[in-house]
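These are the structures in question, set out in turn.
Each of the two complexes below includes subunit A, the first together with subunit B, the second together with subunit C.
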Partner chain A sequence: MSAATTETVAPRESPSGSPLHRFVWHCRHNPKRELWFAWWAMVTFYNLFVVSFFVLARAQPPPSPAVDAQGAAQWFTDNHYGVLVGMGIIFLVIGLLIAPTNALIAYSMRRMSVSRSFAYSYLAMYALSAIPGMLLLCIVLTVGAMRPDRDPELIYWLYDLAFLSFTGTMGVFLIGSLVWMVAILLDKNRVFPKWFAYLNLANALTEVVVAPAWIFKNHVFGWNGLIAWWIDMVVFGIYTGVFIMLLRKMIEREDFGTGPLPGPLPGPLQELAPSKEHDPSELTRTAP
Partner chain B sequence: MRRIDGELILFWTLPVVALIWISAFFLFPGFVHPMSPTMSAEEVAAFYRENVSRVRYSMILFNWFAVGLIPILMLLAVQMRRMAHRTPIFSYSILASAACGPALFLLADMFWLLAAWRPARAPELTQMFNDLAWVTFATLVPYLIAQCVLLAVAIYWDRQPRPVFAPWVAHFNLLVAAALVPAAFTGLALEGPMAWNGLLPFWVKNIAIAVWIVVMGVVIGQTIRRQRLEDLEDKVAA
Partner chain C sequence: MTNIAGAGSAPDEVDGRSVATDTKDGDKPAKFVPGQPDMWAFVLFETLLFTSYWVVYLIFRTQNHELFLQSQADLDLRIGVFNTIVLLSSSWSVARCVQASREGRFRAALTNAFLTIFFGFVFLVSKMFEWIKEIQMGNTFTTNEFFQHYYFLTSIHFLHVLIGFVVMGVVVYQLWSPARRSQQLVETGATYWHTVDFLWVPIFALLYVVR
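Take a look at the complex of A and B:
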């Protein structure tokens, strides 16, 4: 890292020309290309997640937990190829796209004035989360779909394991969001606006209210119900859209220094956020 | 004299782990002629009844040493920190994915051991555990693909007079990543070259992993040796 940081950070003018030409230029010369690579990996991941889970496999919104064994077997029969192709896409890309996503979010905490422990905690938790929270569902749905002539009672068990592991993996996302929240609240480097901390809290709370999905099969508390799926998915969707936008702003404002990030904080209530002009002591307190 | 930092100890665990993996591979009766997904439940149950000891001993061996490659990945992560990058994004990504490959393998390992646990169980149940084991094992490529591609991009973007790895290492990693891709879609076929015992998800994938371990072992060893020589030269020059 030492060799590059001595170069000037000020980017050379991006060239005009064909989109391909500009893309190649950015890959070769953009000083923030590592961050942009991770950001695009994140955007690509969430798009492929929607394609695989919502469009192909139809595993989101999830089918009902109230079906009988025949109903579960029927679900696999109806979605045979969608499940196998959709889960194949996830097997193909999840590591490549989710590892840089978590690295970028950890980097946002590394850029804050808080201890590195926050970044490392988030990195470890979210690295772990993919297996119980998503890959187990992918494996089990693949096993369920690939042998349609299996005893429906066994398919029933696979169905329950798949959807309960996906919806019912709560703690890593709960604590992970709270780690990010605390880091943002403590941060003096103005990486994110403080209101985003409370959106982390909202996301953490969805992991609390999802717990009844382990107990109930009805339309309110069940894994496909109003709380465990519809409200949670809306909150998660907003949360994800917002942090994708905020990480983009962070990369644009990044100066590779250790003090406060330059430029205005995105979002409402900007005038309430601390800035260089409003509070000069902010700078001295966070000087490395 | 350079202070002992232990990197060489970690490095020389690689041939030991490789030897144990190869032994366990040949000890497991379902690998040399990989079990077909078209076997009936009765055939699968008979396989576990006849081979219960070898399944257990080989999978216990794998259970002990499945995480054996993590120290080597950490040596890679340390080398990535020496690259001419502005951010630790790539080394963070390797850190975030290093344990996931072994964790998936351990899941498969436990499904195999479960299938062998009560061989007298109803054949359909043994077959289901066998399916879970094989699908988990066949599709455990996501983090291996990630590590290969991320390492390749990191090498391409390591532009300095003395890059840490040569460009061919990046090309090689992309090639290995491509060889692992078909295994992600193994669920689509019960027979032929795409089945879990077929040419692409079994032979091409596992041979690619073996070749990666050998080639990257040599590359990492040479890089560590060169790094030590360079450090020595810098010291003498100073």
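Take a look at the complex of A and C:
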């Protein structure tokens, strides 16, 4: 990534020498160093999330909601070390990585021509939603793994709490997506293409369908169900990949001004539009 | 909601002319889609998403064919047909709205936009009437697998119709004042509305018709 940084920032003196030397130079002189730090924090977080949740703790894809107390206790026994190591990683890095991640997304809204309240609402909602939507699962699974001698009925209760809170509390995330969507649709600074606003809507609509996980334990609408989890997770994966790439493009285009971001909007759709060139007469026509 | 960013809208008269030119130059393939191309990306994505819901429904239908057939008999085909006719009518009126707006007849365009909203409202009321009827018959979300899918598919579509009212609100807002009237936004809104109608047709076919 340091190569891309070198190209886009156009430093006054081109750094030469070893990669370490160039890296130090960028840390000291690159005007976008905070933005790149936040972007790398985001990439690192999502990678660690996959390693911790999917590979180590086996908390994703979620185990079956249809097990009994013995089955739940058995799950904790089988995944004892995975849960401890996986969740330990999350506890270590969450503050360092999640705060810049959310800050970068809020920054994208501050760079738009819309009210600051969009960015602040998004920050508040994402700070809040991470608690039931992720941290509670981490804490509860760790408790279960650290107390293997407890009554299986109690372990069963922890099992339900962990996975219901993780899958079943998408409501606040959903509103965050909608806030981002409205900001992009209203924005005149061309920070993101409009199709990303609509992708936000599609993502929010799949987060609605996790609600039946509170009622059902079956293969479609349960917390590990085809519709409530699998389709939802595929959409979320696409959405996350897309916004990571779009935020990278945003940092590359950032000029620290207040007007429209320079450079073409990312994505292949622009050439399908009726007029490729922005018509300056519109500004006068549509100005209030 | 004036759209300056990205693929901006051209003034109406220019839009009108450009449409006319494109139809005249038949040898030149049209390089653009109606409305924002971005909305068409959404259309494709939502279609894929709903296709996955339909595939899940069909998989579980083949596994439990008898139950699905029996439960399906509790649905009133007439309400389903009525829903479909109402939504197709709303598609017709939103298409007339776009046509009128292209030709600069904004009064007629507004009338058709309101007609679309009216049809949408009729759809919502008839859908709620149907839900109430089913619940009174004892068929709720938790009754069996068929009704899980029935309530899921109809309510996620219902939600899309509700968002459609916001979209049609933007269309009406655009058509209302001569200072706005972005043809691109009108066509973008119409594209969304058509999508919601089009998604209903397979839902209707799968839930009510397929035996």
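The rule is simple: the second predicted complex is superposed on the first by the 260 of 288 C-alpha atoms of A that agree within 3 Å, B and C clash if a C-alpha of one lies under 4 Å from a C-alpha of the other, contacts with A are read in each partner's own complex, and residues count from 1 in each chain.
Everything that follows uses one rule, which is that contacts are C-beta pairs under 8 Å (C-beta built on N, C-alpha and C of every residue); 3 or more make two chains touch, one makes a residue touch a chain.
In this text, all values refer to a predicted model and were calculated from it rather than measured experimentally.
Touch criterion not met for A:69: it reaches neither subunit B nor subunit C. When the two structures are aligned on the shared chain, A:215 is found in touch with subunit C, with no touch to subunit B.
Once the two complexes are overlaid on the shared chain, A:199 sits against subunit C while remaining clear of subunit B.
Applying the stated contact rule after C-alpha superposition, one finds that A:190 touches subunit C and leaves subunit B untouched. With both structures placed on the common chain, the touch criterion links A:235 to subunit C but leaves subunit B unconnected.
When the shared chain is aligned, no partner comes close enough to touch A:164: not subunit B, not subunit C. Touching subunit A in their complex are the following residues of subunit C: 1-2, 4-11, 15, 18, 31-33, 36-42, 45-46, 49, 52-53, 56, 60, 141-142, 145, 148-149, 152, 156, 159-160, 163, 179-180, 182, 184. Contact residues on subunit A toward subunit B in their complex (touch as defined above): 1, 3-5, 31-35, 37-38, 81, 83-85, 87-96, 99-100, 102-104, 106-107, 110, 123-124, 126-128, 130-131, 135-136, 138-140, 142-143, 145-147, 150-151, 154, 158, 256. Listed in rising order, the residues of subunit B touching subunit A in the complex are 37, 81, 83-90, 92-97, 99-100, 103-104, 107, 124-125, 127-128, 131-132, 135-136, 139, 141-147, 149-150, 153, 157, 160, 181, 183-188, 190. Those residues of subunit A that touch subunit C in the complex are listed here as 185-190, 193-195, 197-199, 201-202, 205-206, 208-209, 212, 215-216, 218, 220-221, 226-227, 231, 235, 260, 265, 269-276, 278-279, 281-283, 285-286.
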